[in-house]
Structure formats: C-alpha cells, structure tokens
Amino acid sequence: MIALALASILLPTVGAALIALSPRSASKRLGQIFAGLATACLLVLAYQFSVGGKIPAEYSVINFGGVEILGFGVDTVSVLVACAVVGIGFLISIYSGGYLDAGNREHPDIVRRRYFAFLSLFIGAMAGLVFSTTVIGQLVFFEISGVCSWALIGYYEKPKSLYSAAKALIITHIASLGLYVAASVMFLETHTFALSAIGGLSETAKTIVLLAILVAAWGKSAQLPFHMWLPDAMEAPTPVSAYLHAASMVKVGVYIFARALMSSNGAPELVGYVCTIMATITLVYGFIMYLPQCDMKRLLAYSTITQLSYMFLGLGLSVFGSQMAFNGAIAHLFNHAFAKTLFFLVAGALSYTTGTRMLPLLRGVLSKSPLLGIAFVVAALAIAGVPPFNGFFSKFAIFAGGFEVAQQHPLLMVLLVIALLESVGSFAWFLKWVGWTVPGRPSEAVAAASPVPLSMQIVLITLIVMAVCSSFIAAIWLG
Amino acid sequence: MTPIQLLCASLACSIVAAFGSLLLSRAENWAISFAGLGGLVAAVLGGVAGASVLSGAPLVLDVAGPFSFAHFIIRLDALSGLMVLVISTLAAVASIYSFSYVREYGGRGVGPMGFFFNLFVASMVLVVVADNAFWFLVFFEMMSLASYFLVIFDQDEEAVSAGFIYFLVAHAGSVAIMAGFFLMANAAGSLDFAAFRATHPSALVASIVFVLSLLGFGAKAGMIPLHVWLPRAHPAAPSHASALMSGVMIKIGVFGILKVSVDLLGGDVLWWGIAVLALGAISSVLGVIYALAEHDIKRLLAYHSVENIGIIMLGIGTGMIGIATHHPLVAMLGMLAGLYHLINHAIFKGLLFLGAGAVIFRMHTKDMDKMGGLARTMPWTSACFLVGALAISAIPPLNGFVSEWFTYQALFAAALDGTFLVQFATPIAATALALTGALAVMCFVKAYGEMFSGLPRSKKAEQTTEVPAPMIIGMVLLAAACVGLGLAAPLVVPVIGGIAAAILHMPPASFANGVMVLPGDPAHTLLSTPLLAVLLVGLATVPLAISAAFSGSRANRRQAAEPWACGYLPDAHMTVTAHSFAQPIRMFFAPLYAVRRTAAAASEGIERQFVKLVSLARRGEPMLDRALVGPSISFVGGVGKRLQILQSGALSTYCLYIVAALAILLLITLR
Amino acid sequence: MVASDLPPLLLLSPLVFALVIFAMPTSGRSARLIELLHLVSIVGTLVLALTTVGYVLSHGTLVTFGDWLMVDPLAAIFVGLIGVVGCLTGFYSIGYIRHDVAHGELTAVKQKLYYGFFNLFLFTMLLVVTANNIVMMWVGIEATTLGSAFLVGIYGKGTSLEAAWKYLIICSVGVAFGLYGTVLTFANASASIDPHQAVLWTSILAHAQDLDPTLVKIAFVFVLIGFGTKAGIFPMHAWLPDAHSEAPSPVSGLLSGVLLKCGLFVIIRYYAVTMKAIGPEFPQSILLVLGVLTVAVSAFLVFVQHDFKRKLAYHSIEHVGLIVIGLGVGGPLGIAAALLHTINHSFTKALLFCGSGNVLQKYGTRDLRSVKGILRTAPVTGLFIMAGALALAGFPPFNVFVSEFMVFAAGLDAGYPKLMILVALLFTITVAALVDIIAHSVLGKAPENMEKSDSSWLSLAPMGVLLALIMVFGVAMPRPVGDILRQATGIVMDQGHATATATPIEHVAAKK
Amino acid sequence: MSGLQIVNGLAGLLIVTSLLVVVARKPSQSAKFYALQSLVLVAVFVALGSATNAPQLYVWAAVAFVTKVVLVPVIMARSFGRLSDERLGSGERISPAVTVLLAAVVVLLCTLIISGVTLPAAAGIKPALAISLAHFFFGLACIVTQRNILKQVFGYCLMENGSHLTLALLAGSAPELVEIGITTDAVFAVVIMVILATQINRKLATLDADQLTTLKG
C-alpha cells in the first residue's frame, strides 16, 4: 500500500518536472495523465485498504540517526482525504483543459507550462501532506503547497493578482511559524517528529504544540485573523480557486489540526475553547461579509471561510470528547471539497461563457444552460446544508456532536446557537442568489453566453453526482 | 404484503415516477402520464398501507443505513398511518388531476415538475413514518426542498420571492426543530424516537424542546405569526401542488407538534396546551379575517389554510390540556376533533385548490374580480367547488361541520371543569371558533358568488369551458369524500378515536351509533349526521315540493323582462366585487388589519437595519485589510527607507560605524 | 604523495596558476589558453579540496607545515565550500567574461588580470581557512581583501572604482581591529605558553583555561568587530552592498557565498576559544545581539532595494545575521545549524548571483523595476532564478529551509521563543522581497523588442549544478556532510570527536 | 635611561611625525614625513630589540626599513606626484590646530585605557603601548577627517604603523615569518590603494572622498 501512496505523491511531482521540460502544447495532456494516474493509484489503494479491513499502517521513508524525518501513514482519514484532494485535482486538470483556452470570455489564454506544472506539483504536495506522519513532513508539504498556490494565484501576472499571490504566501507563511514552533517544541521534548508523539507530551507542551499547530492551521485555512488572503486570492484562474481555495489547500489547515488532535490522546480543554471560539467569531464575520459581495467568487471565498469554521468548530468540539463532531468535521472536509469545487467551477463556467462573474449581471441561467443552472442550485444547496446534498449530513454530525458535549459546557451551547443561526443566515443568502441567478428570463450577459465545453460539462456532472453521494461515501468510510 | 412492504413499494413507485418523469422530460406527454400514473399507484399503495395500520400495533422497520449515529427506522403506527392515508388520498387525487392540468405547463418543464411532485409526496410520507430524529429532519428538509421548486416553478419575480420566504421559514423552522431534537438526544443518548419516548428530560429541557418544536413546526404549519410565507407560496405553486401543500404539508407541522409534545414528551404540561390553544385561536380568527380581504382566489384559500390550521390547533390544544389536567374525556375529544379536522381540511382544501386550479386553468388569472358566472360554463367545477365551500364553512352535514362540532364539544368539556386558566381560556377559544365559522361562511359566500354566480366580468370568463375529465374526476372524488366524511361520521369517529386513544395511550373508547360514550356525560357528545342530513334535505325539499305542488297555476303567468336596475341595464360592473363585499368587515376589523400594517412596518424597519448592516459590511470588509496589511507594508517600507539613510555612501561615516560599534561593545564588556 | 602534502598543495595550486596567468602574454590567441589554465586551476583546486575533505573525514585532522597549516573538520567544511563554489563560479566566469569582452566592457588585459586575481583570491581564502597560526589567519583575511578589491573594481567604471575603494578602506580598517584582537590573544596566550606555540590556534584552545578572562573578552570584541567587518555583520557591513553589486557577477557570488563565510570562520575559531576560556554566556549574548540587529536592519533594507544585486547583497547580510544568531544561540544544535546554513547559503547565493549576471547581460540593467519577463526571454535563467529565490526564501524542499528550521529550533531550545519568532517574522519580510523578484521580474510581460535567447550553456551549466546541490542538500543531505558537521560542531564545542550520541545534533545536524 | 624608556620616548616621537604626515599640504610631502616616521619606528624596533634582548626584532627592523622607509614612500611619492585635484583644496574637514588637539585627546584616552591593562608583557612599556594604540586611532581619525583619498591612504599607513608597533611590543616573540606576512600585506595594500587612487583620479578626475558617494541606500 505504501507504494501506492508514494506513487500518488511522486507521480504528479514527476509530471510537474516533465511538464516543465516538454513543449507547451503537451503540458495539458501530461498534467491530466499524471493526475489521472495518481487518482487511479489512490482508488486502488482505497480498495485494498478497505478490503484489508482498514488497518492503519505507517511507513518510515526517511530516517536519520534513528529519528523519523519523513514517514507516510495510511489510515481511514488519510485515505479518504487523499482520494478527495487528488481526485478533485484530476477533475480540475480536466476542467482546466477546457477552461484555459482562447474561447474563455473572461481570460482568453494560451496554456502556459507553468500552470500545469504547478498544479501537478500541488497535487503531489497535497497527497504528501495528507499521508505524512511527521510534523516535519507536514511542514515541508505545507510550505510547498504555499509556493504552488502563490504561483497559481499569480498566474495571470496582473499587478493585482501578483499582489494577492504575495499576500497569500506571506500571510500563510507567517502563520506557518506555528508549525515551526510545534515541530521544534515536539522535537526538543521528545526527540522525534512523529505526530504520534504528541500524545506523550506533557500537558503544557501539548497545549503549546496544539495551539501552535492551530495557528498554522488558521493561516492556511483562512480563519480570523489570517483570513484576508483568501478573498483576494480570487484573482487566480477559477479552476485554481476551485482546487486550492475550496478543495485542497485551505483544507490543509483543518487537516493538520485534525491529525494533531487524532494523535493527541485527549487535548487540553483550553485548545478546544480557543478553537471553537475563534471558529465562531470567524463564522459570524464571514457571514457578515457575504452581504456586500457581488463578485461570485468573492462570495464563495467568504463562504469557504465560514465552512472551514464549521470544520474547526467540529474539531474544537471533539476536544471535549465528541467523536461524532470529529467525524463530522472530517466528513465536512470531504463533502465541502466537492460542493465548493462544484460551486467554483460553476462560477468559472459562467465567466467562461459570459465573461463576467458579477452576480447582479447573471440571471436566468437555467433557461440558457440547464446544466449550469442545476449545478448552481445543487452547489448552493449543498453549501447551505439542505439534504439530500452532502453539506447537511456533515454539519448535522458536527452539531449533534456539539450538543452532546455542550450540556456540560454552557459556553459551547452559546457558540452552537450562534453557529446554528449563522447556518440559517447563510442558507438565506445562498437561496437568495439561487432565486436571483437561476430561474427566470436570461439577462443580457447570460443570453449572449457561449456554450460550455464538453470537458467542463463532464466535470460538472461528476461533481453534481458527488455533491449528493459524497456524504454517504464519507459516512460509510468513516463508519 | 405487510403494510411496511406496501409503504416501501409506494415509496419506490414515487421515486421511479419521479426519475422517470425527469428522464422523459423531452417527451412531455409521456412524462406527464408517467409521473401521474406512478404517483397514482404510489398513492394507492401508500393509502392501503396507511389504512391498514390505523387500528393495530405499530410496525417498525430498522435499517442500519450509512450513518453510524442514526439508523434508518420506519415506524408505522396509528398516527403516522393516518397521515400516510391522508397524504396518499390527496396525492392520488392530485395525480389524477395532473394528467390534464399539467398540460397547461407544456414547454415549461413538465418533466421536472413530475419529478418534484412525486419527490414531494415521497418525502412527506417519509417524514411521517421516520422514527429517527436525523432521518426525520432529512425528509423534512427534502419535503421543503421539493415543494420549493414547485413554488418557484413559474420562475417569475413573485414566485421566486415567495419561494425564498417559504423555504427560508421552513429551513429556519427545521433548524429550531433540530436544536430541540439535539436536546432530546442528549437526554436520551440516541437520535431514535424510541429512545426519546423512553426518556423524561427535565422540565426545563422539555419546555425548551417544546418551544423550539412549536416554532419549527408552527412555521411549517403556517400558524400566525409564522404564516407569512403561506399566502405567498401556495398561490405561486401549480394548483395540484398547492392542494398538496395546503391540504397535507402544513398538516405535517401540526403532526410534528403533536408528535413532539404528546408522543415524545408526554405532553403533561398545562401551559403547552394553553399555548397551542391560544395560537390556534389567533390563527383561526386572523386567518379568516385576512382571507376575507383577498380577491386572489388562491391567496384567499391560503389564508383559509391558516384559519383551519388554527382550528386544528384548537382541537389539539384542548386535547393537550386534557392530558395535562388528567381529563381523559377532554383529551380524547380534543385529539379526535383535531385529527378529524386535519383530515377534513385536507380533503376540502384540496378540493378547493383543485377547483381554483380548474378555474385558473381556463381563466389564466387568479383574480376573482375578473370572473363571474362560471357556474354556467363550468358546471362540474362549480358544483365541486360549492361542496368544498360548504364543507369549509362547516355547513352540515358535510365533514367540516362534524369536526368543528367536535371541537366545540372538546372546548366546552374542558371549560366545564378544570383550573381557572382552562376555564378562562377555553370559552374564549370557543368564541373565536364561532367568529371564525361565521366569517368563513361569509368569505365563501363571497368567493363562490364572485366566481361562479352573477354575470361574467370579463371576456375570458364568458368564453370558458368545462375542464377535461381527469380534473373533474379528481374534484368529484374529493367532493364525494367531503360528503362521505360528513355523512359517515358515525363510522369514521370510532377509527379516529382509536388513533387518538393510541396517541394518548388510553384504551380505545367504545362508540355506538353516532354516540360516543366515554367516562363522562354522553349528552355532550351526541351527534348524528345522517339524521341531520335527512333533516336538512327535508328542510330544503319540503318547501320546494309544496311550491311545486301549488305553482302549476301561476307558471303560465310568468313574464320575462330585464331586471330593474334603477333605470339602467344591469351589467358586470354592478355586481358586488370581492373588494366591496368585504368592505364592511374591513371597516369593522380595521384594528386587526392594522396589525398587518404594523407588521409590515416592522419588517420594513428590519429591512432598513439590514441595508445598514450590508453597507457596514461593505465598508468593514477592507478595513481589516487596511488596518493590517497596508500598514504593515508601509511600515516595512518606511523603516526600510529610514534605514537606507544609514547607507549614506560616505566612507568616513562607515568607518565611524565601526568605531562606534567597537566603543559600545567595549563599554559593555568592561562595564 | 603523502597526506600532509595536501594542504600546501591545495594552497600552492591556485597561487601558482595565478602567477602563471599573470605571466601570460596578452594577445587574442592567448585568451583561450588563459581560460584553459584557469579551468585547470579551479578544477584542480576542487579536486584537491575534496580530497582533503575526504581525508579529514576518514582520518581526522590534518596538520602540517610546522603546525601552521591545519585542516580539521571545521576547516574542511570551508575548504570544501571554497572548492565547490570557487570551481562553479569560476566555470561560470568563462562564459560571463567572454560576453563582457565581446561587448567591449573588458579588455584582453583585464580578462587576464581577472583570471589571475580570481585564482589569487581563491588562494587567499584557502589560506585563511587552512591557517592554524592566528596571525596567518589575519594575514589571509587581509589578503582576501587585496585579492578581491581589484576584482570588484575591474570594470573601471566610476561606481565600480568607488565600490572597490570603499571595500578596500573599510575592510582594511576593520580587519586592522582584528589584528588587535589577534595580538591580544597572542600576548595573552604567550604569558602562559611558549610564544611559538601561543601563535597556534590549537595550542591556544588547549590552554584556553589559562587565559586572562578580561583580555579574552576584549580580544573577542576586537575580533568580532574586525572580522565581522569582513563577514558583513551590522554595523560593519557598509561596504558589502557596494562591493557585491559592482563586482562581476561570478565574483559577487564568490564574495557572498564564500568570502563572508571566511570572516565568519575566523570568528568561529575565536568563539571556540572564548567559550572555553570564559564560558559561553558572554560571547553568545554579544553574537545574539549583533545577529538579531543584523537581521533586523537588513531585512528592511532588502525589502526597499530595487537593484537586483544590491538586494541580494543585503540578503547575504541577513543570512550572515542568521548564522551569527545560530552561533549566538549556541548549543550543538545552534552551531550545527549555523554551519549548515553557511553551506546552504553559499550555494543558494552563488546561484542567484550567477542568475543576476545572466539578467544583467541580457537586460543591461540591474534595476528590478525595468527587468520584466525573464521567464519569457530567457526561460532557463528564469527558472533558475525562480528556484533560487524560493530556496533563499526558505521554502522546502530546498536546502535553506532545513538550516533555517534548525536555527529556529535551536533558538527555541535555548529559551528564546520571542526572539526566534521576531527573527522569523523578519525573514518573512525577505520572503516578500524575494517573491517580489519572481513576481515582477521573472514573470511579467517581457519587453517588446527583446528576442528570446538564453545565456550560453557555459553560464547555465554551473547554475544547474548549483541548483542540483541545493536540491540534494534540501532533500537528502549526503551522510558525509552530516558527519563532518557533527565533528565540526564538536570542535567548536571543544568536545573533540567524541560527541555524545544522545545529543540532538546527531539527529538534526544531518537532517535528511 | 633604560632601553625601555628609550622605546617609550621614541614612541612619543611617532605621534609628532604622524601629525606632520596628516597636516602636510602635499601628498608627496606626506610621503616624506611617512618615511621619517617609519624610520622612527625602525628605531623603536631596534631599541626594543636591545632592551628586551629579542634578536628577532632586528629582523623586524630590517624588514620594516626596506619596506616602510624605502619601498612604500618611494612608490607613494612617485605616483602621488602625478595626481591632483584642484577643486579639493586641502581636503581637511578640521583645521590643523584641531587635529593636534585631537591627537592629544586620543593619546590621553589611550593612556587611560592602557593603564587598566594588566598584561605581564606590557609591564614596562605601557606608554609605548598607549602611543601605539593612539597612533592606530589617529590614523583612523585621519581617514575620517580627510577628504583627500590620498590622505586616507596615509591614514591607513599610520594605522598600520600603530598596529605594527603594538605587535612588536606585545608579540615581539612571535615567529619572524608572521611579521613578514604582515608587512607584505601592508605593502600590497598600499600598492593596491595607490593603483585604485590613480584609477579613480583618472576616471573621475577627483581625489575627493566626498565625491565617491554615488553608491548609497
């Protein structure tokens, strides 16, 4: 199994190198092929893993002087998340093939090698991060993903996008100091970088390590006070936003924190309080910031911020002893990846066909392009948490888990109520835009839209299906 | 087949119909037929399933499902069986009706309509049979979702905005319900309703759960003040869907209140009953008053739904008072009244919506002021609508009368003995019911008169023709049901009484021909609708017979001439319009209408605050950015620029730096 | 040949070649011959250097020439560095100088002098790092100034002469302070041991406990100021941006990559003595303060600078600051981190300076505001600069990340969490600055009339090798490097080669 | 008068000669004064050698004589004569009187500092040591206060002489090879400085250090 996991990390990386070396015209195909291969590897891995009874396994890859520097671990959570991030990476590669061409109304483009090279590298880095069992490994892939994201956000090379890219990089880099601290403290206390050692730390050290990781996680997952890079990162090409800022990179934060909690053997309550309180504050802030947004992608960016807050809320609640909240957070990570990717890709398809992504200009999408209309509705409802779409199921678990532990902690009850209100609020807001955008007579921009390329259609349909199925997959997988 | 299997088959049918319709959406006629037929079969199967458990032990199906925290459990007991039966009945009729009616929507997506319609029915059925909080919520939301798409089907501004409010209120309600369920689950340690039933949470938690579910389900039921969505959403949906929404879906709200407060929580807190009673009274009175002021037929019907929900809640509330005060008679009577009215309202409101739909099918307008004289062109529709109108106006011997009569009985029974609070509340409620009944009559006199009698007030009204057979069949079936449920009350009452008893965990009461005998005073509960019918028919036919017998001699002296209208020929403009008809009432109840204005003003105020919040957010969004990122960059740049002065380019300065560094370090060292 | 001949041979080889090159006639035809000689010399130096390092690694310290020359593991690191970076920048020089000669920026005479001085410069640096005699060390340092001053001013333009002048004067003045430190140490030591031994670093270290503490302190301050000038520690750094920006790019690479480290090397030698004599507290606190100051000042200066090479020069100052912080933090981890960072920074900075050379020749300017779209006009150079900048910014999987992380960890270990976070934030500023280079110069719209053509393979090949080294050191550092780092740390800590196995250094020093 | 007193006295003479070097009008004059000073230095070495009975100091003296009294002044005199910058004027930032005062202050300060030193090797030669240090700093002051780059070269030479003296006083026992290395360095340094100064004068037509400030920031 380790071979497959390694393959899923190395294949895209090799792909990136090949893309950099081969002519521009081949970059598209190469990117898609390698992402596809990695996905295939992971699917086989997932199959073998579940057939083998889902027994977690760890493998050291690089050791030095008896200390594990880099190791990869296969367990239920990592396989699930890896399948999502790599699989979506593959979908995005396909979509990008259609999106980045001269027919794009918003950003006509010839595909530069840079795009697929960094995208491939990013996929590899994400897989690496997901499977990594050492803090150092996480830190390394964390930073690599940061660089790739920087390169991809600034892809269009406009001053604004370059500025946004630098901002994203710097802010996440500052936050990554948390991971530096965590790794250092861990190493100095235990002489190992293995995540599993967190459980053996003294209470104080554990608190420091977890809080430090939490800070890094906030940075990557765009939580207050590090959130400001994400809305600006919408300068990226839309498939990139979909992948990095919905499915994968922003999840890194949640994921590393989840991993730390998993191996912490019971985290101090302080960590739980910090995590939940900040999550709630971000939740409210993100919601308020929905209101003035007209740019669809910016709206989605804020929505991503709040959805990530739900995950942090779940993780924070799990500190108080709720396994259900933890599973909910992981499932939400998985579900949200599909739903938000779909939503971003709809935004991308809209700007591809109409040349704008300003919501006020987009009306009557359904009659012009039923697929986009349906996808829009599905994505919005999934994000808003309406069954049978996936968002509901994981949010439900988070809340259920929360109420489970809130009885003993009145403050948590308050936070949960705020979160519930927020969920109603964001539901209202998305419903409003669904009502505005999807039904009715097409607006000028929409009426003049060009058709959606086939590759993009296929990806959208796949994601619509996943937006319904993913929660069941996650639920079955996580047990 | 066991009822559970029947139910599953019914659900499967619904889903097949739904997806079939979607897949066939290119071939519209096929889609319509497939959706209708599938819906009909599903409804019949479901109806049989529901009917077969009305008097029997609960049946439970427990499937693990993918979610570890919640098993997928179906529980078919008397109450849910009743609900399934009601849903199925109306769904069957609506399916029949849809064969013709949906053609109206040709080219506008009949495939998806069939999809959502069938999904809507299936999710309603699942809501009532789900026996796990999680799945309950899932289906509750799916029900809202499916109906949301039906509401916005016209895709115009009004429909979309109505749909928005509808779905928002429903979702907010479901969140409240969810919170309540979570609190329960905490006490019970599981999300299964079976576990809920077995636990007794503390009084505070129980009350919080009750309030949350009252809010949540009340919103769904359209009880005042959570009714705002109802008069907008129901008119917007296609009529066969409106019939289901008004006829059944809002009942699920009532069902939920009943389920949570009585079935799950035991319901032995007095103020719960009083609260339900009070809200019911308010809903019924205000509902009918608002209905009076409408001239849009579907809005009018929608407000009547608010009214009737109020009436049902009066019954349920009384029943809850009975439970809390340990008066089995009151409890039983209240439940009986509530459930009976629930069924009845489903039938006649479905009928009325279908009737209205039929009219709209031909008229393409919902404005009653533009109709008139349709009785001549659309006799069947007119007749059915009349039956419905009479039923909703509680005219004996139709079904509405029976259930309202039981409601009165329950209220009086409760008023007879009990605490002061009960003795104070129930008479007021009874008065409210009386007022409601009177105004309802007036309202339907107006509605029927406006639409079907008099002269046509528009060209279209003159040119109307009767609607196609499937629609008529649907309406006739329901009209027959109205009559049947009225006349057959003695047969129906024991069944419903049995359900009420099952809810209350009491032994089924014994019933004799029209007389319900309970441990109480039988004099209060004497009712025989067949007798009433005979009397009423007699009252009408005896004078007619007399007149017929003696009129033969005068017939040939009869002259036909234009009616006298102060010298003018009567024309359509002279007819009383919906507006003018209601004018006295509007004057009389001006303060109550003012409530609506205040509410509107308040909502405007909220909207202003919201706009402020938006602009605040707009200004606030870049603020953090400006406060953190910008200053940091300019700080770094500024410091850098200042530090550049150090690098002045002058060699002697550089040498001095070295000397200074040495001096300082030496000073530190030798300190 | 015996092993003890290695160090003298190592020293002689570049010196002899330098003299031969100087002696060559200057005609058009001899240019190729001179290049060949140069090539033989640098390759020879590389081979000899690596042989020496290999010997030291397998057999331990190499002492020869009456104990005046010594290559211990600590020196071996620097010998290797000079060999590798010297060879690569020397190789890069061939293409670079050819281009300049072809464009009339340099004459044939200057070309000859360039190669001569280049080898001389290598010789002087080797002299510094192989010296055991502390006065010889000083002489070597002073000689590096003399050897490289001409290289800095080789273009003969106003600015380059000015830079050379400042470089010469300031370093001479600064290093003169170093002489005081040296003399004080010698006088101090000769009070207790034989004068002929007192001049040797090894014997001073051996008798460090007998030294007068006050004088040791004063001497350390003088040494720090004196050799710190050479190393570019704030506030003695003032010459550095001028010299590095005006020198030919390969020389800049050598200056930044190796010369600064030679200054640091001498400081490390005295640091070891001082620690042993009076304990670590005094030298470490001074180093820490200076290091943090250096990082703090240079971080801001990097940010506002628009001249490509000046920016890189300030960046070197910052990294020297980090190395000094590593030393100041102390402990096995801190010192190992500092040494590793020395190596890593050399490779990275050499790569970037070579890249800046390509850019300069392509665009004719170093002003980053007017350099755009390198990736389009010169893709390979662009790629190298991109990778180099990212490496320098401390991103994995490149090498600088590893040593930066180690310094950080060492700082936390030593109980300076706030300071370390401050430093890390300051480094974030430079991350911004480096990313800015990529964003605005490597990417962006290329000038209209510029054709797409990269530098010759002569220039690109050494850069490729450097990048490969950067990657190797980042991903899988060779085991021998880890060993030698550990041994060198042991020397600085004066624990001999018997470093306790349980210390974190064993694990971290050779991370990956 | 003991040998050491002679050493101390001669060292005092160094300050006087260095003042002459600094305040001299023309660089070529300065070169002559520098030769004179170096001669004094040689004398100090000889005196020190005889006083401490250190024969190797005679070698030092010989080497210093060849390089500092003959070689360097000749090189400087020959090349500086050709360099000129009319606009520069005297190139002083401070007047000669103040320079003298500065020298006095530096000597005083260094005496104070050295009085605190407890090195056994420095027992009898503290005044000389103080002066050598003062000499060093005075050379530094010359670099700082003189705008003429040629004077800056002299400043460097003065510093070098100061440190040379210190070396002799404190490390007279060090091997000769060391001394040769240091002297060679000094000679090469001066040579390179002269070449650079010549190039600057040729290229920029100035000798003014204040004109050399294009590189900044």
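A few notes on this one:
Going by the order they are written in, the chains are A, B, C and D; count residues from 1 in each one.
Just so we're on the same page, a contact is a pair of C-beta atoms (placed from the backbone, for glycine too) under 8 Å apart; a residue touches a chain by one contact, two chains touch by 3 or more.
Just so we're on the same page, UniProt names per chain: A = Hydrogenase-4 component D; B = Hydrogenase-4 component B; C = Hydrogenase-4 component F; D = Hydrogenase-4 component E.
Everything quoted here is computed from the prediction, not taken from an experiment.
Compared on C-beta pairs in contact, A-B and B-C come out with A-B as the pair having more.
Taking the mean of all protein Cα atoms as the centre, the chain whose own Cα mean lies nearest is A.
In this assembly, the C-alpha centroid of chain A lies 40 Å from the C-alpha centroid of chain B. With centres defined as mean CA coordinates, chain C is found 81 Å away from chain B. The geometric centre of chain A is 42 Å away from that of chain C, both derived from CA atoms.
We define each chain's centre as the mean of its Cα atoms; on that basis chain A and chain D are separated by 70 Å. Of all residues in chain A, none touches two or more other chains.
Multi-chain contact residues of chain C (touching two or more other chains): 165-166, 169, 173, 214, 241, 304-305, 432. Residue positions 644, 647, 651, 655, 670 of chain B each touch two or more of the other chains. Contact annotation for chain pairs lists A-B, A-C, B-C, B-D, C-D, with touch applied as defined. For chain B in complex with chain A, the residues that touch the partner chain are 66-69, 134, 137-139, 141-142, 144-145, 152, 155-157, 159-161, 163-164, 167-168, 171-172, 175, 178-179, 182-183, 185-186, 191, 613-618, 620-621, 624-625, 628-629. Taken in their complex, chain A has these residues touching chain C: 20, 62, 64-67, 69-70, 114, 136, 139-141, 143-144, 146-147, 150, 154, 157, 162, 165-166, 169-170, 173-174, 177, 180-181, 183-185, 187-188, 191. Across the interface of their complex, chain A is touched by residues 375, 383, 390, 395-397, 401, 405, 408-409, 412-413, 417, 421, 424-425, 428, 431-432, 435-436, 439-440, 443-445, 476, 482, 504, 506-508, 510-512 of chain C. Contact residues on chain C toward chain B in their complex (touch as defined above): 165-166, 169-170, 173-174, 177, 214, 217-218, 221-222, 224-225, 229, 235-236, 238-239, 241, 282, 286, 297, 300-301, 303-305, 429, 432. For chain D in complex with chain C, the residues that touch the partner chain are 117-122, 136, 140, 143, 149, 152, 156, 159-160, 163, 166-167, 170-171, 173-175, 178, 181-182, 184-185, 188-189, 192-193, 195-197, 199-200, 203-204, 212-215, 217.
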